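Listed below are the structures to be examined.
In what comes next, chain A is part of two complexes: it sits with chain B in the first one and with chain C in the second one.
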Partner chain A sequence: MSAVSGFEQWLAPAEAAASGLQWLATRRGEARARVQGQGVPGTKQEAWRYTSLTRLLEQGFSAVAESVPLQPEAIEHLLIPGLEAWRVVLVNGRFAPELSALAGLPAGVRIGSLAEILRTDPDAVKDRLNTIAGPDQPLFSALNTAGLDDGLVVLMDAGTALARPVELIHLSVGSETPRVAQPRHLVVLAAGTQAHLIERYVTLTYALYCTNSVLEVTLGAGAVLEHQRIQLESPDAFHLAALYVRLGAASRYRCTNIAVGASWARTDLTVRFSGEHAACDLQGLYLVGERQLLDVHLDVDHCVPRCVSREYFKGILYGKGRAVFDGCVHVARDAQQTDAAMTNRNLILCEGAEVDTKPQLEIEADDVKCSHGTTVGQLDPEQLFYLRSRGIGAALARRMLCLGFAGEILDALTPEALRMQVTQEVGRRLEQAT
Partner chain B sequence: MLSVKGLRAKVGEKEILKGLDLEIGRGEIHAIMGPNGSGKSTLAHVLSGRDGYTVTAGSVTFDGQDLLALAPEERAHLGLFLAFQYPVELPGVNNTYFLKAALNAIRAARGQPELDAVAFMRLMKERLKVLHLDDSLLKRPVNFGFSGGEKKRNEIFQMAMLEPKLAILDETDSGLDIDALRIVADGVNALRNPERSVILVTHYQRLLDYIQPDYVHVLARGQIIRSGGKSLALELEEKGYGWLGIEEAA
Partner chain C sequence: MTVSSAVEAIVTSEYEHGFVTEIASDTLPPGLDEGVVRAISARKGEPEFMLDYRLRAFRHWQTMTAPRWAQVHYPPIDFQAISYFSAPKSKDGPKSLDEIDPALLETYTKLGIPIEEQMALSGIAVDAVFDSVSVATTFRTQLAAAGVIFCAISEAVHDHPDLIKQYLGSVVPHTDNFYAALNAAVFSDGTFVYVPKGVRCPMELSTYFRINARNTGQFERTLIIAEAGSYVSYLEGCTAPMRDENQLHAAVVELIAMDDAEIKYSTVQNWYPGDAKGRGGIYNFVTKRGDCRGARSKISWTQVETGSAITWKYPSCLLRGDDSVGEFYSVAVTKGRQQADTGTKMIHLGRNTSSTIVSKGIAAGEGEQTYRGLVRIATKAAGARNHTQCDSLLIGARCAAHTVPYIEVKNPTAQTEHEATTSKISDDQLFYCRSRGLTAEDAVSMIVNGFCKEVFKQLPMEFAVEAQKLLSISLEGAVG
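Let's turn to the complex of A and B:
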């Protein structure tokens, strides 16, 4: 492995899912070759134009195989009060059955650990795993595939339903050597099914680590997925997330993406419509402060007619925080009557903060309704004065306006206890900013 | 309770207030009238502490304190309230949450315990009743998407909740039809008490048909040029400002 400069240690240890599966070994091997073939992307490559990998490489992250035993009490404070969910907990990327809650799943629904399914019933995932992400994976997805090992699996057969949300808690626990976890998640909803997935990335302690996650989602005809992704990593952490979503005819996908933690967080969200009359609603909030860098990359491919997509991301920047919003909606020549609207709105609280925003539409069809818009602004002095004239101090007034700005996205979070928990966390971080 | 002496203020290089004197006693209602551009709104803004004005001379004391040295929120803590001519929309900020934050900030500054959710709701219901308002505005973001009349009513409701010692109503009558004007005026009258003083800043005599002032002042060219009782307003209504030798600004 000569040319994988810097990333050798990401793939080092033996896999938990060491299964002897030839097809799996082939997919890992191809991804490994792809990593070697690509080398480290520089800032000259468009997708990496605004960010540099140097700082990531300097940390010397390595994959660690050993599991961290935790008692359920250790994570109690991280749970959402009152939430009854099918819960999968991963600790440093590995399934922790003693912390998870999966008893009594209905027939036709599988929720659990990828490593376990690869051991016991690999055919259940063989046709899906890595097929949505496809062969042309960018560096970090390829790295994840090359080390493909454990993560969340949700498989719903046609005609099944889930009465509770599925909750993934990815818990990072610091170790002496900076480690990387590469969880791999697979969600397959057959035709007509509905699910609510809550993904949360949290940490027990402030620590230096890296999470490089990949999620593949397939929605069959008419399936509905409500997806909420909450990233509250440690302030020192690196967090990379690639989401690949394929939407069947008349399916509905809504993703609410909240990014608050990590010193560098990057989300790549790739959505491809594969059947007509489907709709996706991608929305997000990022909060970026001192010593933080955040990237959001959207790639929405309207390759069939009559689908609807909404992309709405809002950001609050303070300190010397820096964000990149790079959104692309592509409408193929045959994708007539596409309806797409992309918006990125940013609120900059201090002079040192910065955002590069680049929404793009690539339209080849001629009968479409597409728009994009972007704003970068500051708090309105009139609004601040109004609040202060009512007796509210300047710092609280600023925070109230920021939360008002963020509320449009945060209000989409359900259940209410989750919305409150995340809103409180956003408010707490804003205390440093205002 | 409010004493303005020789107040001069400018916006940029332009002097708007040119030596203004005004004395307001406890429980009194004063109307300040004047043509457009006379400095009425500037006076309201300078008293409430809005940015963008430079005071070059004079003094303002409120209950013995130097008002001009205080931040806007500190003035509110002392009991000053400005009903805005153009109430500001706060999208995403819930009206109830906003009022609770404001009331508790004022209480905290006065060393009073904060009201809990139950006590706050009780107070809110009681004040809605006094003003004959329903609670439909409370669940919405502050002023966001409100009609002109709803915004002005929301200002009066805030005044009822925050119980100021001195309320300045900056052209609260502008843009209101007669029904909305009556609701606002009834609200102000319902909140009238011997401890609360009110400054009504207005262009028209109309509002004074509904709220009886104790004193009427005419503000022109940055100064109070005449003061009198209610009859002064009627005289203005009849003769226009030209009678006092003032040109209406275009």
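Let's turn to the complex of A and C:
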């Protein structure tokens, strides 16, 4: 089956939204051709070995057509108390200026909607948009590009810094027919800049919908980006995320990826080093409950010497759920003095859950320090006994140990208010589990 | 000698055991069709059921395509250009060493495995395979007294057809994979071992394989059955003469362990790896699988792989019996243009099953090496345990080491651990040894031997010595 027959409905509005920009039309068209050129990936394909697309295809998602007007009060309960941030809110993939807070940005910094920039100043993003993801995009990134329309843009000139975090809230509002939103984000940090990006995927209603987001990040020499991605979609939702990160010389990138929501979710994180002495730190937590499937794919490409990468992902499985972790660290020929360490730890709490993990190393240089480690296990009965013997109930004791396990990742979240909120959400879900 | 010139020296060191023994052999013309399968079966005078088995496998093979997923690169193999049968000329089969072709005996002597000496001194029974037909089987009477059957599989087909019917293809069915299907259709010969209930095999069993005769594929079939409460240790060692054409070697090994039985299978493989430019060399595409059918059974694989242009093998364990144990210990060396994609599969099906994987890879020169392993804990495998460790040592800037482990866990009481590291010999370690008066060669040799020690100590004594020697020879130059 050609992929396009299964996803025709995802693409429809791309035609309608065709702008007058020739280069943009070309990029969309190429992506469309790419979608048409490939079949729907099956479990015979290595990248989809453990994750079947059948459930996703059965839903018959179609692209979001109508916009949903919302009053600021409607999203008040979703905001993080006390968090001062430059805020961009997207509703079903479309920029909602009335909900966003962007007043008083410092000079040399642009934060806003991609659609708006494409309308007013397309040259500002022309060289970057879709170039980081590259021409060989897998199916869902190509689908996103083919329907490329709106999303978050952060552009920082050399030497600028942001005192507050940038917060992206992607809000899904359910509708009668299941919809797919395909937000497209672009973050370009020039040399010597510093920023903190918080990405949150949330919902107003418990509904069936799909989000297929693509984020492209490029860091100039010495730039620093702290990136936190919190996926708290509706329990019925489908969520696809592709992140493409390119790191310049001596840049620093830290990504904390928390995946808790959605019934079916897949994250592809692709990091490529393009300058020496850069470092990236990718960490994540996935919490998998009843009938959930969460899939994390990492692809870290050390193509230049003397870079450092750390990958640390933890998972807790508590229902008849399934987690997939597939991480690959590639060290190219001549990328000497690479230092890479990948770890994946899983905790299975009950019968019926499944973990499939595949941490890979591909090393073509000799002067490297690379390692990976994986564990799958249960709560330590001795630790449980210790807590029980001090008068703590079985359920609470289990929850405390799980939160301790998750805490290693959750503690990286800043500011404190965000960490508290996410930790509470994780604790609430664990309550159902224990 | 400096380390870099030392590395240069390994890359250029030539294969030691390169020579071809001139003896007349009875070879079928190249090509493969049903006629060839029938001819092989007819020449071996096989009963009807074996011919049926071969033809079923051949017909299935025709529907399959050669797999390409392994991380190895080679031109497509023309299966019609290979001759599928080659047997050393013999009259009625030798009855003692005196009847064996002296040229053959000399070959063994050149390889440093004098048969008489082994018979007399080490007490190892040797079933020497020269090309495809077993020509020397020793100590059979002694084994027969214990009730152990140790013979060529072609003999077993005649003498023990019930066992063959029951077990052949029961672990690796002819539908398993492309090369297993090919092997089932055209296998020439191999070893058959049957250890009856409660018997501890009185000696280490050993077969030396040797590939000879130009342009001949080698398709061995090994079947080892250990009945309840028995024990057997089997050694397999290989070396081949230097030659130009690529030789395909697609063997199948099946092990079956019943309740409380233990099988220890050790391999030292040193086939011709090809020349410095990667020409020639053996393609070693092997399917090895052990089936722990009984409760508390144990299967242990140990391998030292230093030869072959391409090695592609995954000795696996199916842990079906409760409390059964699977082990895999491996040292793989790739240098020059050698490529190895090797590892194991541990399939945990029974309760409280446990498995251990220790894989040590050494890549030097332009060698390329992949560890590919699967650990699967099925839903019913409560209390299953796995520990995996795979380390790679890199010598030289043009080599590559990959690690591709798959871990699939479906039971909440299972515990699995996997660790892997990749590094080069550290300058600090070298400096430490050099400052204590060791030559660069001895220092590297010592470090590499230490790196592989965990695996070597699993080998039977005689083999461990041979393996260490082989490793030093393989890395000669790098080690000074």
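For the reader, a short list of remarks on this structure follows.
The definition used in the following text is that the second predicted complex is superposed on the first by the 426 of 434 C-alpha atoms of A that agree within 3 Å, B and C clash if a C-alpha of one lies under 4 Å from a C-alpha of the other, contacts with A are read in each partner's own complex, and residues count from 1 in each chain.
Here is the rule we use: a residue touches a chain if its C-beta (ideal position, glycine included) is under 8 Å from a C-beta of that chain, and two chains touch if they have at least 3 such contacts.
Model, not experiment: these values are computed from the prediction.
Placing chain B and chain C on a common chain A by superposition gives a fit, with no clash between them.
In the superposed pair of complexes, A:Leu396 makes contact with chain B only, with no contact to chain C.
Of the two partner chains, chain B is the only one that A:Phe405 touches; chain C does not reach it. When both complexes are overlaid on chain A, the residue A:Gln378 reaches chain C alone and has no touch with chain B.
In the superposition on chain A, contact is made by A:Ala365 with chain C only, not with chain B. In the superposition on chain A, contact is made by A:Leu387 with chain B only, not with chain C.
Comparing chain B with chain C, more residues of chain A are touched by C. With both structures placed on the common chain, the touch criterion links A:Thr357 to chain C but leaves chain B unconnected.
Remark: least CA distance from chain B to chain C after fitting both complexes onto chain A is 16 Å. No residue of chain A lies at the contact with chain B in one complex and also at the contact with chain C in the other.
By the touch criterion given at the top, residues 48-51, 71-73, 75-77, 81-82, 84, 87-93, 98, 101-103, 105-106, 109, 141, 158, 162 of chain B touch chain A in their complex.
If you check the complex, the residues on chain C that touch chain A are 377, 379, 392, 394-424. The residues of chain A lying in touch with chain C in their complex are 50, 333-334, 336, 346, 348-378. Those residues of chain A lying in contact with chain B across their complex are 380-383, 385-394, 396-397, 400-401, 403-408.
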